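Heads up, the next two complexes both have subunit A, just with different partners, subunit B and then subunit C.
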Partner chain A sequence: MPEKFDVIVVGAGPAGTSCAYTCAKNGLNVLLIERGEFPGSKNVMGGILYRKQMEEVIPEFWKEAPLERPVIEQRFWFLDKESMVTTSYKDLEWGKEPCNNFTVLRAKFDKWFASKAVEQGATLINETVVTECIVDEEGKVIGVRTDRPDGDVYADVVVLCDGVNSLLAKKLGFHKEWKPEEVALTVMEVMKLPKKTINERFNVNDDQGVSIEIFGDATQGALGTGFLYTNKDSINIGVGTTLSGMIKKKMRPHHLLEYVKEHPMIQPYIEGAESLEYLAHLIPEGGYKAIPKLVGDGVIVAGDAAQLVNAIHREGSNMAMSSGKMAAETIMKAKELGEYTERVLDSYRTELYDSFIGKDLKKYKDTAHTFEEHPQYFEQYVPLMNRAMNTMFTVDGTAKWDKQKKIMKSFTEKRGKLGVAKDIYRAWRVVK
Partner chain B sequence: MAKTIEEKQYLVRFNCDTKSHLEVKDHDVCATKCPDKDCTIFCPADVYKWEGDRMFVGYEGCHECGSCRIGCPFDNIKWEYPKGGHGIVFRLA
Partner chain C sequence: MNILVCIKQVPDTKIIKVNPKTNTLDRSSAPAILNPYDAHAVEEAVRLKEVHGGKVTVLSMGPPQAKAAIKKCIEIGADEGYLISDRRFAGADTLATSYALFKAIQKMMNEQGVDLVLCGKHAIDGDTGQTGPGIARRMEIPPLTNVIKVEKVDTVANEIVVHRKIENGYERIQSTLPCLLTVEKEINQVAYSPLPNMLRAARYNPIIWTVDDLDEVDIKQLGLKGSPTIVGKMWPPEKSKGAELIEGDVKKQATEIVALVLSKQELFEVKGGE
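Right, the complex of A and B next:
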C-alpha cells in the first residue's frame, strides 16, 4: 500500500513552504518535496523579502529568521554613460519593527523557513525531483511521481510550487511553454564587503539597508533593470532583461553584469569587494495575461509557477507566500467538505484574483508589453533626461529660458512633438 | 573580483550527475537551420558551445534557469531537472 498524504506540496520556496506550513499548522498531513540538496539551494532572488505577507504566515518572524538588513531607503537611478538622474525615498520608520521589507540571502532564509514548516509537522523530503503528476482516468490529480525508486506518492491534493519553469503545470496542459518575452533572465553576484564599508558607502548604520534599482544604461537600453542591495556584510549586484531582449540585443548576461559592475557610477560602491557567488535565474514577468490555469481536480498552482510577479514593483516572494497561504486555506475548506474537485478548489482562484495579487497584476497588465514594443522609454528617454539635467545645471552663461527651449527641442527632435505627447499618454495609460 | 565566466563559475558549487539533463534533440537543426545559435550567447553559464559542426553541451555548469529551453527558436532542447540533489547548489542568495 503506497503512502498517502492529505497534501503534497512540490517545491520548498516561499510559495510551497507557506502552503506546507499553514496546512501542517492546521493539522493536515503534509509532504513537502524539494529537489535541491536543501531548501534554498536552487532558489535565487535579488533579495527583497516583504514583511507583511511573511508575517501573515509566521507572526513576528523577524525575531528569529535569518535576515540581512531592513531596507530603509529605496533609490532609483536613471543611468546614462557618465551621469545619472536619481530619486530616492528614505524612511527611518522602516528601520523600526515591524519594518517594511528586508534583504535576505535565500539559501539561508528558505532553509530556515522550511524548518519551521517541519516544526509544525510537515514532512520534508529533499533531493527529490517530481517528474509528473499522477492523474487518474477521470483526469483528477491523485499524487506525484518522483525520481526515487518506487517513488509514487499519493494525496488528496497536490500544490505545484515548482518555480518559474513550471514544468508540472505545463505537463498538465495548464499553460504552454513561456514565451521569451514572458520571462526575465537575471544574473547576479554576491560580493563580500566589510559591514563598516557598506555603512559608509550607503550612508546607513548596522541595522539599516538600501535597495537601488537602476534603469537605462544598466541594461544598455533593453527592457529590464540592474540592482544593488545591501546585506549585512555583502552586496547583491545584478542585472536582468526579458529573455527576448537579451536575445534581440545579442547580449551575454555575464558580460552585461561586468558592464554594470564596471560602470563609473556603480564601481565605487563595490570597489575592493570580493565575489562570493554567481547566480542566474529566470523571473516570470508575463504578468496578468500569462497567469495559467490555476486549479484543476486535485491540484493547485502557486507562486512563480503561476507567474505571480509584479515586475514594476519587484514584488514576487510576497505574492508567492500569499498564494501559498491562500492555497492552504482553500485546501482546509475542501477538507471540511471532503471534496477536492476543481469546483471546490476554485475558491483559491477567485480569492487570488480579488486580492492585491490579482489587482496589482491587472493594473500593470500592459506595462511590460508596451515597454517592450516601444523601446524608446528605456533607450531614449533615460539619456534625454540626463542631457536635460546637464543642460539645466551646467553654468555656461546661457539664459535659463534658452536652456529650457534647448531641452524641449532635444525631446521633440528625437521623438517629434506628437511623438512625445503620445509617449507620455501611453506610459500614463499602462501604469495608471 | 570575478570578471570572466570561468572565474564566476568557479565560485559556484556543483554536484554533477554523470548523465546530462540537457539534450539537443536534433543536431542537424543546429547545423543547418540555426545560423545565429543564440543559445551560445544568452546562456548565462556558457553551457552551449558551437564546435564548428556540432553543439557541445557543458551541462555540468548549468544554473538550471531554463532560458535555453524557452529561448531556442526551434524548440530543440530537451530540458529536465538534474536528478534529485544533483546539479547546482547555491550556498548564498
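Right, the complex of A and C next:
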C-alpha cells in the first residue's frame, strides 16, 4: 500500500525547501523529492543569496549557513571592446550583520538548507525523478508517480517546485512550452583563486564580497548580462542571454563565456584562476506575462516553475523562497479547513500577486520584451557611452564645448534626434 | 537465513586528488560513498533473502558520517544497520578493523545467529582485501573470496555453492554454512531501489555502538595501537607509456593490429570451465 503524506514537495531548491521547511515546522508530514544526487547538486544561479527572504524562512540563518562573502559593493560595468564605463555602490554597513546579501555556492548552501528541513521533520529522498502527478477522476491531484519501482506516493497536496521547465505543471496543462524569448541561458564557471588574491584584486578583506554586473560587450550586444562574484576562495564568472538573443546572433554559450573570460577588461581579474566547475542552466525570464496557472485542485506551483524571476534586478532565489513559504502557509490554512480545492488554495495566488513578487514583476512586465524588440539599448548605447567618455576625457586640445557637441552628434547620427528622444522615453516607460 | 554484510564508507576514488607532497589521499577532495563492491554484497544479500527468507543486517565501522553509507544499504534493501563508532577505533589497519567488526558480530550473535557473512572484495581506498578474510578467520568460518556467483544455497543441509573468480576463469566451490564471501562486481547489478526502500532509508537511524557497548574487548587490539601495519613509503604508480600509433591505410593498419594482438597471445586466452 503506497504511503500518504500531508504534503509532497517536488524539487529541493530554494522554493521547495522553503515550503518543506515551513510545512514540517508546523507539524505537517512532508515528503521532499529531489532529482539530483543531493539537494544543490543540479541547482544553478549566479550566486547571490538575498538575506531578507531567507531570513523569513530561517531567522538568523547567517550564523550557521555555509555562505561565502557578504556583498558590500555592487559594481556595474558597461563594456565596450577596449573600454568600459563603470559605476558602483559600496556600503560597509552591508558587511555587518545582518548584511544585505551574500555570495553562495549552491551545492553547499542547498544541501545545508534541505538538511534544516529534515531537522524539522521533513522526509527527503534524493536521486528520484517525479514523472507525473497522479490525478483522480475528478481532476484532483492526489499524489505523484516517480521513476522508481513501486514509485507511487500520495498526499493531500502536491507543491511543484521542479524548476524552470516544470514538466509536471506542463503535463497538467498549466503552461505551454516556453518560447525562446521567455528563457535565458546562463553559463558560468566557478574558478579557484586564493583568498588573498581575491582580496587584492577586488579591494576587499576576508569578510567582504563584490558583485559585478556586466553589460554591453559581455554579451556582444545581445540582451543579457555577464557577472563576476567573489566567493571565499573562488569566483563565479558567467554570462547569460535570452535564448532568442543567442539564436538571433548565432552564438554558442560556451564560446560566449570564453569571450568574456578573455575580455581585456575582465581577464586580469581571473588571471591564474583554476576552473573548478562548469555550469549551465535555463532561467525563466518571461516575467509577469509568462506566469502560468499557479494552483489547481490539490496542487500549487512555486519558484522557477512559476517563472518568478525579476531579470532586471537579478532576483529569483528570493522570490522562490517567498513563494515556497506562501505555498506552505496556504496549505496550513487549507489543512484547517480540511479542503485542498483550487478555490481554497487560490489564496496562494492572490497573496503572491499582492506581494513584492507580483508587484515587481508587474512593474517590469514590458522591460525584457521592449529590450528584445529594441536591441539598440545593448547594441548601440553601451558603445556610444564609451565613445562619449573617450571624447570627453581624451585631452587633445579640442574645446570641451565642441566635445559635447560632438558627443551629442554621435548619438543623434546613430539614432536620429527623434530616435534618441523615443529611446529615452521608452526606457523610462518600461522601468518607471 | 540471517545474512550479515560488512560495508565501508570510502572517498570516491574516481575523483579523489592525491596530495603531491605526501602522496596520501586528500579525502576532502572527494565525496564519501558506499564502497561499490559492498553495494554488490548488499544487493546479493537482499536477493538471497528474497529467495530464502530471513534478514539482512549491515555492519560498518567509521565516523558518525558513515551513517550515510548504511542508509544507502537500507535503500538497496537491508533490514537493519549497525555502526560501531568510537575514537578508540580510529587509525585501525585491517587487523584491528577485523577485530573490532568481529567483536560487534559476536555481540549481534548473542541475539541472533549469522548464517552467511558478505563483504565486498576490497575497499576502493585501500585495495587490500584483507578485512573480509580477517573476519572469517576470527569467526572460524571458511572465507570464499572473489565470488562472482552464488549458485546454490541449501539452508537445510547448511551448504552453499559459489563460483570464485580466478585468473583464467572461475572455480566452483562448495562450502558449509556459515561462511564468509567477498564478492566481485560481476556478481550482480545493483537494482534501482524501489520507492518504499527510499522512504524507509530516509527515516532510518542506524544503531550506533561504541567500544563500551561491545563485550570483552581487548583495547590493545583496537585502533592505531592494535595496528602493526607500517607504511614504509608511498609513491604514485608509474604512468603507462603513451599508446602506439599505427599508421597507413585501413588494410595495413588492420594487419598490423592483428599481428600485434596475436604476438601478445591475447586471442589464446583460456576461457573458464568446469
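Note that the second predicted complex is superposed on the first by the 432 of 432 C-alpha atoms of A that agree within 3 Å, B and C clash if a C-alpha of one lies under 4 Å from a C-alpha of the other, contacts with A are read in each partner's own complex, and residues count from 1 in each chain.
FYI, contacts are C-beta pairs under 8 Å (C-beta built on N, C-alpha and C of every residue); 3 or more make two chains touch, one makes a residue touch a chain.
This one's a predicted model, so the numbers in the text were calculated from it and none came from an experiment.
In the superposition on chain A, A:A280 contacts subunit B only, with no contact to subunit C. Of the two partner chains placed by superposition, A:H263 touches none, neither subunit B nor subunit C.
Comparing subunit B with subunit C, more residues of subunit A are touched by B.
Touch criterion met: A:D152 reaches subunit C, while subunit B stays clear of it. Within the superposed three-chain model, A:I247 lies in touch with subunit B and out of touch with subunit C [touch as defined at top].
Contacts of A:L124 after superposition: subunit C is touched, whereas subunit B is not reached.
Of the two partner chains, neither subunit B nor subunit C is touched by A:K335.
Of the two partner chains, subunit B is the only one touched by A:E177; subunit C is not. Shared contact residues on subunit A (touching subunit B in one structure, subunit C in the other): 128, 146-148. Chain contact summary for the complex, subunit A toward subunit B: residues 35-37, 40-45, 47, 105-108, 126-129, 146-148, 164-165, 167, 177-180, 183, 185, 187-191, 234, 236, 243, 246-247, 250-254, 258, 261, 273-282. Note for the complex: subunit A touches subunit C at residues 2-3, 31, 123-125, 128, 146-153. Residue ranges on subunit C touching subunit A, taken from their complex, read 191-196, 198-199, 201-203. Taken in their complex, subunit B has these residues touching subunit A: 1-3, 5, 7-9, 11-12, 15, 38, 41-42, 44-46, 63-67, 69-71, 75, 81-85, 87-93.
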